[in-house]
């Protein structure tokens, strides 16, 4: 198993030396679906990384939970023969508990996440994990799903550690940004438009976090 | 694709002629987990079908939903090299909406059910489907989950039809039995102990329904 | 306690003889809130009953459950000194279980309904009850909330019987209409626009059902 | 409106001078129902405050939410002519969202809480509020209902401030105790037996917090 550092070195070298750019698929939910729109985080990333080194592809579908990713990964991800897959999921696994009664049990969340990672690795894709950023931006820890988002984020952190995978800890980044920039304890409008989906500042923050992982090793 | 009738003929012939008895795995949730207990439906079935023709194996785990079956089918079912697999699931997919917020969306229910069937077929197991029997036995259509149980049962009937698979319609059998034997509109105690799990009459009814499918073609 | 027949006779006599028209307040949720719009059921009723005999007032607010009615009845209903109050509620008590996790327990539903009725009676308003019509129009009993709607409708029927109150059984009327006019098992578009809120046919059916109760005794 | 300090002085004086001891009713859910058992927080309190100054009465019923308190307060509280009522509720308002789909909306929680307080005041009872302590004791903010418990606790703090009522902030006390005494991030066993109900340490902590409010002014 490669170490994250080696992974990043490998990724960087590959990105720098390859005739063919590194193909990165962003695999996720509505947040990623919107990420390819003008001003979206993938759109921004395209302007932030060398075009000859990275090909960035969006594969987000609204409402997706971890097992939706599992069910559609053959067609939507593996068929594109990605070098790198960035998995960003979790908001709906938590949110759908309250809004439809069809959220994902924590233990099943881990099992399907592991199944996704296993299948991506078997296809020789390198895998980058992300934690779910936010359902509500209040900074006094009183957003309804805060406890669950923290729990599922920790499950992803544990998985990344267990499998030595790079992690973009967006939950942590969003909390830190809000603690600094949301003194009024607003529930939206700082990094999101509606408590979940990204505004300009949110897309920029995510793009920067993603760039750091994609480029670090290349320096 | 074989027709159900042919399937049953094949199943019967195989059961009658084989030196080795037909190995049947019952794949499901807590109802099936209890089915192997003395007086349980699998225990009863063992006394109702010729022992030299059928080997009956329980593979039920409490709380299981369709995607739990998917996640554990390699170890718990395919490793046993079954000739026939009886899939009986659905109660928790519906019930966990209200009790944990982690039920299964109808469209995902179908997708995972199809994935389970596909994998069983690929392993040359013949597949028998069942509809979920009951969450509550009131006969005035006022059990909380009646609408959903009817919906998910119909999804299973449609799947059986689409793929030409034999179906044990336990939902229908339970409703008919209750309409006849539950004039007081009791919510439990007719076929169940607790609205869901089987009492003696329930185990007997399920065993008879299962036997009918297993033996018909053998006559 | 007056009998329903006497109640209706009284209501009719009062409507016919009074210099002042009978003031009827329709007390409910978003369906009633929309009822005062052009083409809405209250708007239609105004054209169907003698204007000198009835004054019809809407008091519906979107999202209301039975205890919302209880909390706002002083200002929104009693302050208007109604002769008659038509209470139509229940859809959100059931629906919010799945969509927000904040539906109403059946026993609390009855307790608050009784408290509303008690307070209306104490203010000398005569009370007419209604059952919740529909969340989904499928006729094969597979709308997700069918079981619960049937349960809560029965609780209202039992309350009406127990307290000798007139009842507009809209649940029953909608089911019968759909069984006749919805052979394709559509989930909406027959009496509703969106499974819950009334289209033209729905508003007309409700207006006719309401008129029958308001006018019967007057004939 | 009396100030909390004055309130406590009044309470203390009354407790000290009265021939008749101050009658305190603890009004709540299963936690309070268990509080009168040997070793329960009310049982402990009885040994911690002067018996001639305080008469402590339990009025807790399992599963109660704020509107259950409202519905039963005449019989269970006002009929006892209390001098002081300690209201401790909120766990089920949050918890029942996930476990039954029948939790309490935040805005209704406040409205019913205000209605309870108003009615207690009208009966000349002095009112002490409490925040809900815990559903899970993990200290990394990842208990599923942490966000909601923090939200509802803040609503209670705001209400106490708005109406100048004494507050026992058990949520805060439990968090602080756990941050100090639960380094292993256990979900239960520190102050609770099962994430919600009190063990010996929990009952002792609550008794001490309650005593502080009841006695402060008496010193």
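A few comments on the model shown:
Chains here go by letter, A, B, C and D, matching the order in which they are written, and residues are numbered from 1 within each.
Note that a residue touches a chain if its C-beta (ideal position, glycine included) is under 8 Å from a C-beta of that chain, and two chains touch if they have at least 3 such contacts.
Chain identities (UniProt): A, B, C, D = Lipolytic protein G-D-S-L family.
Bear in mind that the values here come from a model prediction, so they are computed numbers and not experimental data.
Note on interfaces B-D and B-C: more C-beta pairs are in contact across B-C. Separation between the centroids of subunit B and subunit C, computed from CA atoms only, is 42 Å. Centroid to centroid, with C-alpha atoms defining each point, subunit B and subunit D lie 48 Å apart. Touching two or more other chains at once are residues 97-98, 100-101 of subunit D. If you sketch which chains touch which, every chain touches every other chain without exception.
Residues 67-68, 71, 96-98, 100-105, 108, 111-112, 115 of subunit A touch subunit B in their complex. Taken together, the subunit C residues at the contact with subunit B in this complex read 97-98, 101, 136, 140-148, 150-151, 154.
Considering their complex, residues 97-101 of subunit C touch subunit A.
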